[in-house]
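Chain IDs A, B, C and D follow the sequence of writing; residue 1 opens each chain.
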């Protein structure tokens, strides 16, 4: 049995089907890349696993995390999982942190929420150092707007891994970043995602290839192709995949 | 004589009462038919250089010359008749309350004939029926095509494109870039392409300027800079660029 | 700091300009107090003599500066009707009105925050829509009408509270509270419907932010994330709304004082209007307008310090 | 769901306007005449009963609608005509100059309609016209604010920069881009201000600072009803309901307009 097993997952918003009978599995140290253009259903899939879709969404099928069924799970129990057993990293580090709260306090909150003890400043600084922040004390005492995009994303990664979750879902984690910072953050992710399962959602094949071996390609809510990332790039079977590869090559 | 030339240009903004230098010591000349790429990270000042070039910001030092005449001390009117800009986000660069035909006709400073509108739409690959639509009734790629049609309608000599595809969906980026390349070639325009994406610049431009911290740290023919980068920042930038 | 000083300068300037406008409105308009006091049959000599005695025939600007000079040191002049110092009349009534407005502000927030948040969280359900509809109706109700019905229900029918009047806090706290329940209630209910609508849309905005999603992703419940992260962000913008709403509340209080026969600034002001006691009118209007300007200035300054994104620039 | 508040608002306003229109030519009884039947309960021929002077309540309500609409239209239109151009100018003038109208309107914001009406009444005596003036002047800052904020928002948009590059001057930009884009805001504000004007007029006439005794107003009716709360509380019901529904109508219309007029909001919703 795999660590994460998604089976026949379907998400509807009213009459529109955002995710259409999708299934995949990830081992406890495995990584899966989900590739697609905007509107392909890749983000909805990841939000469905984290249980963070808006209440208008209707989710059917099965999502099993470490043997536990997540579809239909009571919100109270889901809340216990989020931030401890599964965590997420989002696209926009600019807006993903509370602008009115110091970064250190926001990180300490993640510990406090799940261990029923307050996050010590030293722990927070150690965690910030772990994600490659050079002056953790200053960063911890800063408000988000006082940090660079890369520092903010590192802080969010620290929040995501602080409770050693079994599954980390990364939703376009480098799209909003500069090329130079993107390279560094991808390196950091590669490092912190070892020993745990990870989903890596992106529209950019070149980015996904940096961290994942196995990928699935989504279009209109369906999986149209899957396999080893290099194989898919070299010999795309589906026409849509071929267009994505061409777009990533940048050749006109 | 250069089409447009920035000499020792610097721009200082005041942000919440604190002055800060966006770019400085910028020397850049664009010849007719030249295709110049300006690359750099966000906040490096590359957009400011474009705005400086079009007279949308006043330099705090240096001068901007159009066909040898200063647009800082003189009037930018002649420049504006000969230069146009394609913005990053077509959602905000098209007036949401104007129909496509009025948007496209704006640089003409007169009412355009239906034939002119049809030709302008056709040149960017849009059907004439789009003329009476509002921007929000179009897709992102179509909107950017409308913005390009507006930029080309008054027959400019210089086209400045500021990250023209980074707000678009991956799959339509290539189409829009191809459109820009084809129009620039067939009309023999000078192009200034601002982008964080080195691959795009490599495909479209013959010269490139690398901007870092408000300065041009390296400039030269595209192949030279990409094959034999001299500046340390350019080296890092090239190393960090992922491609298949 | 420099920005705060600039704001302070604008604030002082606006106090000055407001005082001038008030003085000009009561003095430059044609209704002359001397004519009014003596009636239409008065002989011209008598009018002239009275004008002389009241100092009305001296230049306008001189009279304005004299009045302003007095106001600055706390002397609002002497009533033309009663002959008593205006300051002495205003002060005890100022306390009454301040209680009314202050308690109503607190009361309206206590109602509006939970109600607005509930309407936002349950906006897709019938009960949430019903709450919005009620506040929509409350928005359209004049506070004095609400006051009248509170009197009909709680004073006339149930006899729980007195129908009007006022007892000073210093005489009997219990009676004071008893007399304030209905007027403060009437003001709060109506004010709460305004504020709860702001709260509702602010909460909906928060629900769509990325930081709210982050808070949910680390394990907060919707309510928990709203409490911990939403409230801080909402309160900053809510502060501005409260500042702007003080004007409405002040006006509501003037009318409510009339409904419940409360001896506050408003009822004294209206009496002065019917008596054409212009010195008192000037004085009380000035106090009220300056209060509004002061509160908005304080909100503005507080805003600079509350929002961390503005803090560095302000300091 | 969408558009329903627009129609509900339009319906309520239509009702008030129709009543006022009919009242111009006909009311069941003379609204100012005293009759022999005092404090009569609702019935026939006095559908809503009579007040303490024996006047027909329904006729007085109908006559009150005329005053409310007159005061509302004059004050809101007047305020918009002054406030919107000032607001646009405040946003488009160079910073130092634009600051002046903005700050002046902030000061005016400290003068609510009631205090202005009190100042005018103290000097001139209360009348329908002082009420219009007071409410109108007090409404100006709302239009200045909304027009200025809207214009600043429009000016920050790249399409304005595109228009500059196309060679348009400030006046052409104001006409082609600013006005059409802030128009929805102004319409919404006008609707909301109209609701506030109705509430203000009711408050003024309740305090006896508005129209004179011969024109019956909803506020004056409430004032008179208050003396009979113990015996005939129903007299306080009708005029209050009239104020509430008229105001509700304009508030709903404002909400509806907000949804319908803004294409960007339309997409989000």
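Keep in mind that, in the parts below, a residue touches a chain if its C-beta (ideal position, glycine included) is under 8 Å from a C-beta of that chain, and two chains touch if they have at least 3 such contacts.
Please read these numbers as outputs of a predicted model, since none were measured by experiment.
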*Contact-graph distance - origin chain A, target chain C*: 1
*If you tally contacting C-beta pairs, which pair wins, C-D or B-D?*
C-D
*With chain centres defined as C-alpha means, what is the inter-centre distance between chain A and chain D in Å?*
52
_I'd like to verify one number: the distance from the centre of chain C to the centre of chain D, where each centre is the average of its C-alpha atoms, in whole angstrom._
20
*Centre-to-centre distance between chain D and chain B (centres being mean Cα positions), rounded to whole Å*: 48
*Hunt down the residues of chain A that sit against at least two other chains at once, touch-wise.*
none
*Which residues of chain D touch chain B in their complex?*
157-159, 161-168, 176-177, 180-181, 263-264, 266-267
*Residues of chain A defined as touching chain B within the complex*: 37-39, 149, 178-183, 203-207, 209-210, 233, 243-252
_Interfacial residue positions of chain C with respect to chain A in the complex_ = 124, 209-211, 213-221, 228-229, 232-233, 236, 307-309, 312
*asked:* Could you list, by residue number, the parts of chain C that touch chain D in their complex?
replied: 10, 13-14, 17-18, 21-22, 25-26, 29-31, 136-137, 139-142, 144-145, 148-149, 151-152, 156, 163, 244, 247-248, 250-251, 254-255, 258-259, 269-270, 272-274, 276, 278, 281, 285, 288-290, 292-293, 296
*For chain D, which residues count as touching chain C in their complex?*
103-104, 106-107, 109-115, 118-125, 195, 199-200, 202-203, 206-209, 222, 225-226, 229-230, 233, 236, 240, 243-248, 251-252
